[in-house]
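In what follows, structures are represented as structure tokens.
Here chain A shows up in two complexes: once beside chain B, once beside chain C.
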Partner chain A sequence: MNVLLDKKILDSQLTDWYFTNRDQLMAASNSVFNSFRPEAMECFRKMGIPDKSNENYKYTDVREVFLTPFNRYIEPRKILFSVEDLFRCDIPELDTELVLLVNGWFYENRPRLEVLPNGIIIGSMAEAARQYPHILEAHYSRYADFRKDALVALNTGFAQDGTFIYIPKGVGQDRTIQVVNILLSPEDLFVQHRNLVVIEDNAMARVVVCDHSLSAHHFLTNSVTEIFVGQNARLDYTKLQNEHNSSNQLSSSFVHQEKDSHAIFNTITLHGGMIRNNVYTRLNGPGAENHTLGLFLADRNQHVDSYTYVDHAAPGCTSRQNFKGILDEKATGAFTGRILVRPDAQKTLAYQANNNILLTSEARMNTKPQLEIYADDVKCSHGATVGQLDENAMFYLQTRGIAKREARLLLMGAFGHEILKQVPVEPLRDRLNDLVDKRLKGELSRCNSCPLQCQETC
Partner chain B sequence: MVPFIIAESHEIMNADQDQIISQVTQTEYKYGFVTDVESDALPKGLNEDIVRQISEIKGEPDWMLEFRLKAYRYWTTMKLPEWAHLKLPVIDYQDIIYYSAPRSRQPLGSLDEVDPELIETFNKLGIPLDEQKQLAGVAVDAVMDSISVKTTFRDALAGQGIIFCSFSEAVREHPDLVKKYMGSVVPYRDNFFASLNSAVFSDGSFVFIPKGVRCPMELSTYFRINAANTGQFERTLIIAEEGAYVSYLEGCTAPKRDKNQLHAAIVEIIAHTDAEVKYSTVQNWYPGDREGKGGIYNFVTKRGICMGDRSKISWTQVETGSAITWKYPSCILRGDHSVGEFYSVAVTNNHQQADTGTKMIHLGKNTRSIIVSKGISAGLSNNSYRGLVRVSKNADHARNFSQCDSLLLGDRCGAHTFPYIEVDNQSAVVEHEATTSKIGEDQIFYCNQRGIDTETAVGLIVNGYAREVLNKLPMEFAVEAQKLLQITLEGSVG
Partner chain C sequence: MSAKSSIPQPMLEIRNLKASIDGKEILKGINLTVNAGEVHAIMGPNGSGKSTLAAVLAGREVFEVTGGEVTYCGQDLLSMAPEIRAREGIFLGFQYPVEIPGVSMVNFMRTAVNEKRKYLGQPEMGAADFLKLMRDRKALVDLDTSLANRSVNEGFSGGEKKRNEIFQMAMLEPKLAILDETDSGLDIDALKTVANGVNRLKNKENAVIVITHYQRLLDYIVPDFVHVLFDGRIVRSGDKRLAFELEEKGYDWIREAN
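Here is the complex of A and B:
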């Protein structure tokens, strides 16, 4: 009874917060955002924060992370210290177009919205809505369906700012675009940023997103990212999650691919509290190809839940999903992957793999790979394994004079690097290899230059 | 020119295939006749009075009535589960007759006293009730509508201490055993249909194999729904004591009717130390006509528990019938070193829907389980595999392997796979593999090239595809299952 009551209170707290701040929200944002708010909040009110009775959230009780009384702001707070001093990216060889989001708000280390010489537009979502409403109208909330997921509905109800990236037709961007989400606050904070990446026909973009927490408070992020990949366009998207253990993240990404497009979406989870990553892919035109990958390393009481949904809506598309997890100590993990092949999406090739290693008897893994197929001329397969390091391989290495600990590291490294080697940006790949190795060794794997010892404080 | 010729020959092949498919879909359900016997039935509807009346007709003791009432009261608080990948119609539970029995005057002593119409029915179905004439060496319990008609070979079995009788008789004659085991594997609160069954179940089979006895023949139950507007709710309980072995077969058919009929059964299996139970089903309830009209709703709860160490439960099922199938034969592996097996071929055609699979719950140490599921969908049907493998904290060195393949014959059907894997122990090794595909044109081409026509080739390929499971069936059933596969699918190529 109490649980039920809690749920209602939680839901109504959030809806109340919306209604008390509605006018201010509406006044501060563009009509593109505002036009979706009422319906989204109505959907949220109906669905409520998902709990385990929701089949898609069977292994993760999202309500738990909402129980902490978070501060929520509808306008950015002044940060009292300089972000530049605190944060220096430690991928020195990587020359990037850097966008900083601090607590979900665009940070003005660069113009709020910048048009690069080749026509690429990078900057703040809020600003983009003002200057380029036609782009937002064409794409905003078109791919992220708030009627199906309460978290997306909640984000759509409150969305104000985030990252905006626009690559015009036929433009290839050599420089990687790097988005750094920083959480830095003197108090516990709830953040909801909303991002949009539009890659027009025949264009190409490389995006690296890094999530960091720079102060030792409780954080909750509920983010939504919509990505449009036009005809024959290409996207390389790498998401690196490296936050501290009281930083919880709910992230939903929607990748919409047109004809003959190609996308790689890679999520590397090194650190964090409770993490739920939803990746929805829609292959909307024939010949599209998608690679959705993920690697997570979890220990202590961490919980990492990956959810993927690949929708083959057109014939002749290819999708590959590969998710791997290493669970240590009392960590728990979950994977739900669904491949949907719609009627007439013939000649589909879809593949999905989920492999997990449990290192301790307290670690726990739940996996749910699913196929839903309505066309007959298709090749679809999925596989899932949960196991431990191969004893024979361990023995072999030890007979070659490699110490047990080293042998373990070698094998775990080999396990994880299958995902990492598919990261297309070389300096980033090297850095990730390094971070993962350090993480496996149990060394602190915060980025080197970070002066905060946040991981030790929690 | 060359590609042109190839294109042409493909066209011919496609035309061939279309013709074959239409032949197949025209294959009628051959067990769809109705037997004209008088029957006694309770009025439509469900309430406490009906539950009391069923209990009274069956002359049940008070504890049984109590059990039914508890289940009924609990059922009224429950809602129909919605997680299955099925389009469930609204079922009016007040529009069903919960008890119907072929009329007979007194308890049957010998076969001569059985209504000749009934014997004729089971003869038509190929079920040997006549002990002298029967060939297969199978002891049969025939259940029509709500009651058990006749159990053969009882005396021969009783000599070894084996009890094989109808559930009602077991309640009368072996109340201690029934009391001890009934509801111990599938409690009355288990799920919506299990609760419903616990409240209104009519009859079924009861098997008890004493310590150390290897049952000398296959035991078999044949279920038949005959009367219109009735639901069939049977309950089977199989107990294998220490070191015992039994192989149990179950078959089912129903007449063709335009109205859907509900079948909600419970099967419970208890295997003690070193015991082995093999349970095989060939399910061929009426699947409805080509437009999806009529057919049986088959909502069944089947579960076995490996109580003792080194015990083994093996489920084999061939699912070809029913408009809707909702069925998950499961194993709870409690004893150390116990083994659970699940082999399934599920075929759906026309408008059939199936959501079927298994649960393997590993509790004991060194427990092993294997799941082999082969789904075949044709026409406009949807066929889902749904399975759970759970390894609990103490189940050290548990091992599971699951293989789920789907074959699509046609571009309007669906094949789905929903495995759930929950691992709570580091030393467990759990593997799951699934593939979905259609019959390769190259495979058919290869056969054609060797002078095998398309229809035979498809038969060969489908049979080869299902072979792994059919091989697990006892001989008599394997033949029937193979025939059934042919009837449902022969020649249909997507």
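Here is the complex of A and C:
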């Protein structure tokens, strides 16, 4: 096991795998997916998996995580488990519309594609492509540009299934949609899911995505999620990453916002191996507002790299990015926050903050703002800090009888709280606060009431 | 067990205490004895070492103790961690209370109260009892209820911060309270409220050291002893008349005499 592959032959291996399976892939999928495959794979072949020579991946050699000889499948394997036994997310009062993906494939704990009474459609991407090709044609691969990123190209080359969410015009949902991505396999596995969320004009969607790994194997996920937020529509999206240390994740999300829309995209990283999160936002119509947030807690040899790109393509839009990290032991992290203000995007407000706490002298954090501003009437600010816990605050707490350890926990919790308090769903917010507290205390990091019992393994 | 002696043990005994920071000596041999039931005032010009003395007593590690000893209720104070000193009954009211965004006053006080109870072998305080205690003690210093729901000192005005210090003191019921310039920046009404709070908490079993720059506060918290700290040493001690003398003659009088 674990025979390391030569980095140089990685790209050609993946390309070969595509050509070997192309006919089968094409036959199994709808034409919407198929129409993009050849060009995407050609782009992938040209770019190759990014290493540190790629400016956008300066702090993470993505090739490293591809070195494990993963098993890859172009159809779901039978995984024997009972959802009822394993999964009962009992966040109090969080009554959700639950969608499960197991190893990137839609899991049939519910109809493959369901139209709710208010017209909301939820289910499998593959099935949506069959039943609603016009929706996919209008949105699929429109926001995630495979010409610019090899990981997106690779995903587009192989895309078959994932989560599909459609909210029709003017519809507000009463229930939060919860997507649980489960990794569960008797062998090391490479997974690529492709997701689409379409929120039509004046509609709203509240989505919670939980990533869990349930077996002690090496996993690599390379996922792409495209989100369309129509005029005056609203998105509240919370992503909770909670996988074990041998589970690596490359996650690319693309949020496309039209006029007067409002979006919150919040990534909470509790646990995992090497994690790279790309969040691209395009503010495409005037008056759109975006909040892209992130909080990560990393220890041991974990590496968490966040990359954001906010494209102000229309005037009068607002973007606020706020990312925080707490790094313990030998953990490393990076934040790159790119803001592009196009020439006619006047009256832009763009803010970016990245604050990090290093708990040891061995932990490392790189942070880099990248501002490209081509309009003159804009307000833009950015700030980054990498520091320790506030000594004065520590002493203040101690003089009230609070021991160092407890004081540290209070301060770290407070540090993260700034991000968590922006989670719009209260029961979920409470649960996340609780999980973060537990994680900081070094207690088990899984959702304690979730019988999935994601194991911590090294 | 220490043998019972007929002479009551002092609460705090500081002998020839010397402390420095970055190799610079700030406290140059302090001697001070405080007994239960007493109120001591420490006065002195800016930079004379008043806050340093308070911080050293509370256990601030940036100051290096280079000589002397401090006994608190018969124990070696200097060997205790700051939180142990606090649980043993020492309270420092900060000259500059620290803002701690994200830590709510309620959570902060609940943790503090229960850590102390745990240390003393008492059960944790129930939620209802705790909230009642909060309400009572807030009333004592006229602390706005909404402040208690906010983060520790965050966005508090100068006066609110000082009242919050006395509120915390009221919650923790210390044996020895060291109040560092709790009067500075307070208008006369706030000063009275704060002094009133301190006086109501005062009894025969506990003691207070008030550090102040002005005699004004001492009209409301009447000291048994007044000490003048100058250049790291206590250069004069007396009763409350010393405070009036200082007020009258100014600190130049001390400067010239030393």
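As a working rule, the second predicted complex is superposed on the first by the 439 of 458 C-alpha atoms of A that agree within 3 Å, B and C clash if a C-alpha of one lies under 4 Å from a C-alpha of the other, contacts with A are read in each partner's own complex, and residues count from 1 in each chain.
The rule we apply is simple: a contact is a pair of C-beta atoms (placed from the backbone, for glycine too) under 8 Å apart; a residue touches a chain by one contact, two chains touch by 3 or more.
Since we're looking at a predicted model, the values are computed, not measured.
S.K.: Figure out whether A:360 sits in contact with chain B (first) or chain C (second), or with both, or with neither.
M.R.: In the superposition, A:360 touches chain B alone.
S.K.: Quick check for you: in the superposed arrangement, does A:40 touch first (chain B), second (chain C), both or neither?
M.R.: neither
S.K.: Does the superposition put A:121 against chain B (first), chain C (second), both, or neither?
M.R.: neither
S.K.: Figure out whether A:373 sits in contact with chain B (first) or chain C (second), or with both, or with neither.
M.R.: In the superposed model, A:373 contacts chain B only, not chain C.
S.K.: Residues of chain A touched by chain B versus by chain C: which partner has the larger set?
M.R.: B
S.K.: Quick check for you: in the superposed arrangement, does A:418 touch first (chain B), second (chain C), both or neither?
M.R.: In the superposition, A:418 contacts chain C only.
S.K.: Would you check which partner chain A:402 touches, where first means chain B only, second means chain C only, and both and neither mean what they say?
M.R.: second
S.K.: After the superposition on A, what does A:393 contact: first (chain B), second (chain C), both or neither?
M.R.: After superposition on chain A, A:393 lies in contact with chain C alone.
S.K.: Quick check: in the complex, which residue numbers of chain C touch chain A?
M.R.: 58-60, 62, 81-83, 85-87, 91-92, 94, 97-98, 100-103, 107-108, 111-112, 115-116, 119, 151-152, 168, 172
S.K.: In their complex, what parts of chain A are in touch with chain B?
M.R.: So the residues of chain A touching chain B come out as 55, 343-344, 346, 356, 358-361, 363-388.
S.K.: Along chain A, where are the residues that touch chain C in the complex?
M.R.: Interface residues on the chain A side: 390-393, 395-404, 406-407, 410-411, 413-418.
S.K.: For a test of understanding, state which residues of chain B touch chain A in their complex under the given definition.
M.R.: Its residues touching chain A are 83, 85, 391, 393, 406, 408-438, 494.
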